[in-house]
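One structure below.
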Amino acid sequence: MTVLMQVINPNTSASMTDLIGVSARAAAGPGTEVVAVHPGMGPASIECHYDEALAVPGLLAQVAAGEAAGAAGHVIACFGDPGLDAARELAAGPVVGIAEAAMRTATHLGRRFGVVTTLARTTGRAWELATRYGVREQCATVRAVEIPVLELETDPAARSRIAAECADVVARDGCDAVVLGCAGMADLARELTARVGVPVVDGVAAAVVTVEGLVRLGLTTGKRGEYAPPVPKAYSGALARFGGGSPGVPQTV
Amino acid sequence: MTVLMQVINPNTSASMTDLIGVSARAAAGPGTEVVAVHPGMGPASIECHYDEALAVPGLLAQVAAGEAAGAAGHVIACFGDPGLDAARELAAGPVVGIAEAAMRTATHLGRRFGVVTTLARTTGRAWELATRYGVREQCATVRAVEIPVLELETDPAARSRIAAECADVVARDGCDAVVLGCAGMADLARELTARVGVPVVDGVAAAVVTVEGLVRLGLTTGKRGEYAPPVPKAYSGALARFGGGSPGVPQTV
Amino acid sequence: MTVLMQVINPNTSASMTDLIGVSARAAAGPGTEVVAVHPGMGPASIECHYDEALAVPGLLAQVAAGEAAGAAGHVIACFGDPGLDAARELAAGPVVGIAEAAMRTATHLGRRFGVVTTLARTTGRAWELATRYGVREQCATVRAVEIPVLELETDPAARSRIAAECADVVARDGCDAVVLGCAGMADLARELTARVGVPVVDGVAAAVVTVEGLVRLGLTTGKRGEYAPPVPKAYSGALARFGGGSPGVPQTV
Amino acid sequence: MTVLMQVINPNTSASMTDLIGVSARAAAGPGTEVVAVHPGMGPASIECHYDEALAVPGLLAQVAAGEAAGAAGHVIACFGDPGLDAARELAAGPVVGIAEAAMRTATHLGRRFGVVTTLARTTGRAWELATRYGVREQCATVRAVEIPVLELETDPAARSRIAAECADVVARDGCDAVVLGCAGMADLARELTARVGVPVVDGVAAAVVTVEGLVRLGLTTGKRGEYAPPVPKAYSGALARFGGGSPGVPQTV
Amino acid sequence: MTVLMQVINPNTSASMTDLIGVSARAAAGPGTEVVAVHPGMGPASIECHYDEALAVPGLLAQVAAGEAAGAAGHVIACFGDPGLDAARELAAGPVVGIAEAAMRTATHLGRRFGVVTTLARTTGRAWELATRYGVREQCATVRAVEIPVLELETDPAARSRIAAECADVVARDGCDAVVLGCAGMADLARELTARVGVPVVDGVAAAVVTVEGLVRLGLTTGKRGEYAPPVPKAYSGALARFGGGSPGVPQTV
Amino acid sequence: MTVLMQVINPNTSASMTDLIGVSARAAAGPGTEVVAVHPGMGPASIECHYDEALAVPGLLAQVAAGEAAGAAGHVIACFGDPGLDAARELAAGPVVGIAEAAMRTATHLGRRFGVVTTLARTTGRAWELATRYGVREQCATVRAVEIPVLELETDPAARSRIAAECADVVARDGCDAVVLGCAGMADLARELTARVGVPVVDGVAAAVVTVEGLVRLGLTTGKRGEYAPPVPKAYSGALARFGGGSPGVPQTV
């Protein structure tokens, strides 16, 4: 039986959704059908808290749409893990963010890891997530290559700058593994693992296999407390369609 | 010279905005003009992560509108402190959430405090914020009275149930202070302080005096790193108006 | 292509190895061949630090034997995760303990989980692991049913006592998920999930899907620092066969 | 109605008390009358634990004197926050130390801050307070300019060395704000904020607005447990006058 | 060669000093001469922060006097460890507080311990010290028997109430050891160890053997940074005698 | 009356056992007879997790043998503190590891210490122990001189490289004390203390005086919970002799 997994790129860049889809499908096992999508509203890329906050409504609409379409689980494919708690309330199936998946995967690979991400202004959020996910001590460093998200695909120097930063994470900080801090780097993990000499973890792949595992084991978000379905209530203005409906079946876009 | 302070109720309930406005004005000093507002879009009350996530776009529009109208600072008047980081990027002036203000205020009043909030499903978020704000050890307990936000005004038993829980926080957990975990309880703090015998902190009032202090001292969010203004970029769909514009002057609703 | 995964029961009880093997195979995907083994030396069950320490040499011999036999990864199927660091040095492929797998899996299912284990004297070790794996705050409680490991299979009351404790973890501690704290409980997870109403996580299954994921992504322990293969050196006495050999290919039993 | 606030310089240097008074009055709102005082006994400056310990009796006598004179609240204007807990027991009104006020204020201004203080031997105490106040993770660095407290006023190079260190805190540690770690730097905050480009927080001003806020909201130390008034008892020797009296009205000097 | 060790009771109660001296001498080895002293000024007992703060000047004078008299090391025999940092600056030899000694000793005896102390209002300080000494997780509970310090000797029910609380620490909190939270309980440890069935640690004895060990190994406070001798400077008022002198040889009382 | 203390070198190198014995005897008081031993089976040196795991069975046999021979307490003389929990279950008397003893001793000597050890691959374990023992914040740095354990005695440059690293720990990290991270450095502590100018702590000596103190005070591991004697059960294979026997009197080798 095929399992349907929805991988959501929370920004609205179609080419990045394609890249993420390729990586996700490469990670998925034979029984999993990956659908890579992006929201119909929101920012073209997510590079600050403002972008992240505004990506969430569209992301949640995609979660609801995916649930309606029979998705057994969801991946949120942005390293800030935007909207994760809200998506867990909304979805019947498991929801995993790529930062949590990547950081937790890295803890199985040694004592310490480092994160290599895009812009310095996002490193604070990465540290915040490391704290939330309980890996603050295992996370030795968070580095930025100062390449905007959408230029990862176009900047010819991107690959070598990322590789150089990964190598430095190992040499200077003595890390046993490296985590790539952006879904737009998903295609680089295998090449970098070979080049750097320690495992380099892509969160998209890590989240795909994590969700696959949860689905196979019949595990999903606990629904008896904090993560119960949102209570239906009035939503006004441009977001009115998000309210109402019966619990667990919110209105889709 | 009068200072304009914007107090934003992130839900769309006008009567709750009024109640918050009264409490905020009671807390403000003579030189401060308080404007209490709520967004034009979003949920009628915020009682879960989903509600919170969908309250943020409207909240951010209000921050932008307030900035354009000359507000020197902003209060986010919901105990989950929704959108705080994004609002700090957006605003030139300081932005303070009522949970951070209340929790930090409580730390000046003794060693340990407890939180009394509305619904049990929101206690996880309160603990998360206590961790983020560094007061996890000082926060001895988070209690819920199981009264929905909008029934705080209408339930005749609300006041006595909240008072009973506050008293128990002192008797059983040995707390030196109590924090009220909902903006809709803002009018109860002085009465409860007298009744319970330890200081009871309302976050709306605490945030108002915190923002007043920051404005008077000429202090605002540091803007050279993580909290720099959002970079203008394309936003699509129902949120298109949030994108573009020059840095620091995003489009208002 | 079939992937060979070795699941090691570190105690020497064959019936428990069988039970673990059944659970592991039920969790594994179609491309994985699970081999469930136990050491030729060591204690019949692991119920204290002494037992755990003395289970490790035999466990390490099994890791080496599995590596020689082409195992792509290993599961250590005892909730104390005995010998995990040493096994990671020894194996080329990934090694995952069932406590780390179960605890980390539980963090994807909500905010807080509880552990239900066998004997009270092992709860200290469970807390120690929760700290090491960074989930101390997420772990709300560790409970013991006071049933010795090998009586889990024979005590007719075992099932209902475990179920009662799981239910209490949800009711009293407000947990979103429960972790079963013994490999001997591996067969109970699905039934308990249905009965208790929140996800109940078996570490054997969680570790199997975790190792499968790591193998599929080509990720294994970082080998350039702490987890490099043990340097060959003289070992004396009953453990002499553990020394010598070339790095990465220690002598098997 | 005017509120009387006592700002206590715990050392016995009159010129430093004057400087602190000027800064405190500049921070205070229109309804606040600031009285800046220093003890009649103790060290001329506080630069180590020994100095700090011996400053406390005189400081407590000033707290008692201020209470008798009708002070509504107190600021302890030394960055080690000496005697804070004891003063909270003694005073009916709120008591705030400048380190706690400055550090907590800084947390409203971004994710990370750094401290610039006088002597390297005091940095251990600053870290200890950061831990106590729950901002250990937010505090990225504590730097010393190696200028003794009383030379801050006379050393012509002091200002530029402090500015250089503040700039480095931003450049090297990526801080969003800087905290000045000595009451003797109180007059520099506004100038440095302009020069360094991120908010620079003076603890004296931060504590003044914090106490003003607490007084306006009717909040003071919880008095039902740890911070109840000291029980009257015999004190002997040079400190005999500190004992006796009725609870809450200790003998003044 | 005999080693002179000074055990300082920081309150001014002679009978309690005698009791402490007896316990200290019982703990000391054959080569150690214990001198038990108390300050000439300060409170008759220490039961709150105010008492503690005012006990410190007299305590420091005793440290200086002991140094002049050739003491090789010092014990501060009050469970709040008052003046510890200042005493370490002042003394050439090691200084150990009974709370740190007792708590650290308890960590060698199992995983978790509980503290049984006198008054509930002092439990906050005990928790603060547990955090400072890094044993917050090992300290499972802090209990108060609500007997004032000086009544420990006279209250006929004291012994049985303390024993009952110790027993409950084991039964309810599963502690492996109990720490007595007051120097006035020093004579009870051996009896309680037998009665309760787990080790009961008296801080006076623990500190005596700790200081003996440090002296024998030639270890004392590091003096090149934070704990260098206080710089001589002017002290005024009743504490004038504390200032001046050459570094390391402050004026004694 | 003479107290018999067993100091166990967990590796099988006789010359290192001799060196440890000399240091231990130098640290012991007049009433203590030190017996320095090493296991009959296991690795010649301990330099990774694998070595450590395989040293434990022999170590435990020595603990049992020492108990049978009347040892009042035990020191585990390897900086990884291998087998500590198991040994505490097995022994009636106290058991102390040299890492816990050294780290805790260092906390009495100032605010921060650094560790200087042998190989970089062991630093992860040192950090893990610092966390377990609650001194993560006090431990400023862990450095490796990259000299294998058994070359400490033979490498003519060892002494000066260790001294240089200790000096750098003070100069660069501002530490008040240094901890030597290997039992093979036990003879260097006094010389280095003089050379470096801050106390340098050898764990063997620190553990000897710690155990002496515990024995003198009649304190030993709490035996009513986690550390109760191992329950007798079947052990198979080369470790069969470790099983059986009555609780508290396991079979010796």
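Order as written gives the chain letters A, B, C, D, E and F; numbering starts at 1 within each chain.
By our rule, contacts are C-beta pairs under 8 Å (C-beta built on N, C-alpha and C of every residue); 3 or more make two chains touch, one makes a residue touch a chain.
Worth saying up front: this structure is predicted, and the values here are computed from it rather than measured.
Leaving out only chain A, the chains are still linked to one another by touching in one piece.
Number of steps on the shortest path from chain D to chain F, with steps defined by chain touch: 1. Chain centres here are C-alpha means, and the one lying farthest from chain C is D.
Comparing the residue numbers each copy contributes, chain D and chain E share more than half of them at their mutual interface.
Centroids of chain B and chain C (each the mean of its C-alpha atoms) stand 44 Å apart. Distance between chain A and chain C, defined via averaged C-alpha coordinates, is recorded as 27 Å. If each chain is reduced to the centroid of its CA atoms, chain A and chain E end up 52 Å from each other. In chain A, the positions touching at least two other chains are 88, 111, 120, 123-124, 128, 131, 136-137, 174, 225-226. Here the touching chains pair up as A-B, A-C, A-D, A-F, B-C, B-D, B-E, C-E, C-F, D-E, D-F, E-F. Against chain F, the residues of chain A that register as touching in their complex are 111-112, 137, 174. Residues 12, 39-45, 47-54, 56-58, 60, 83, 85-86, 88-90, 120-125, 128, 131-132, 225-226, 228, 230-231, 233-240, 242-243, 250 of chain D touch chain E in their complex.
Chain F makes touch with chain E in their complex at residues 27, 29-31, 88, 94, 96, 100, 104-105, 107-111, 133-138, 170, 174-177, 189-190, 193, 197-199, 201-202, 205-206, 209-210, 212-214, 216-227. In the complex of the two chains, the chain A residues touching chain D come out as 120, 123-124, 127-128, 131, 136.
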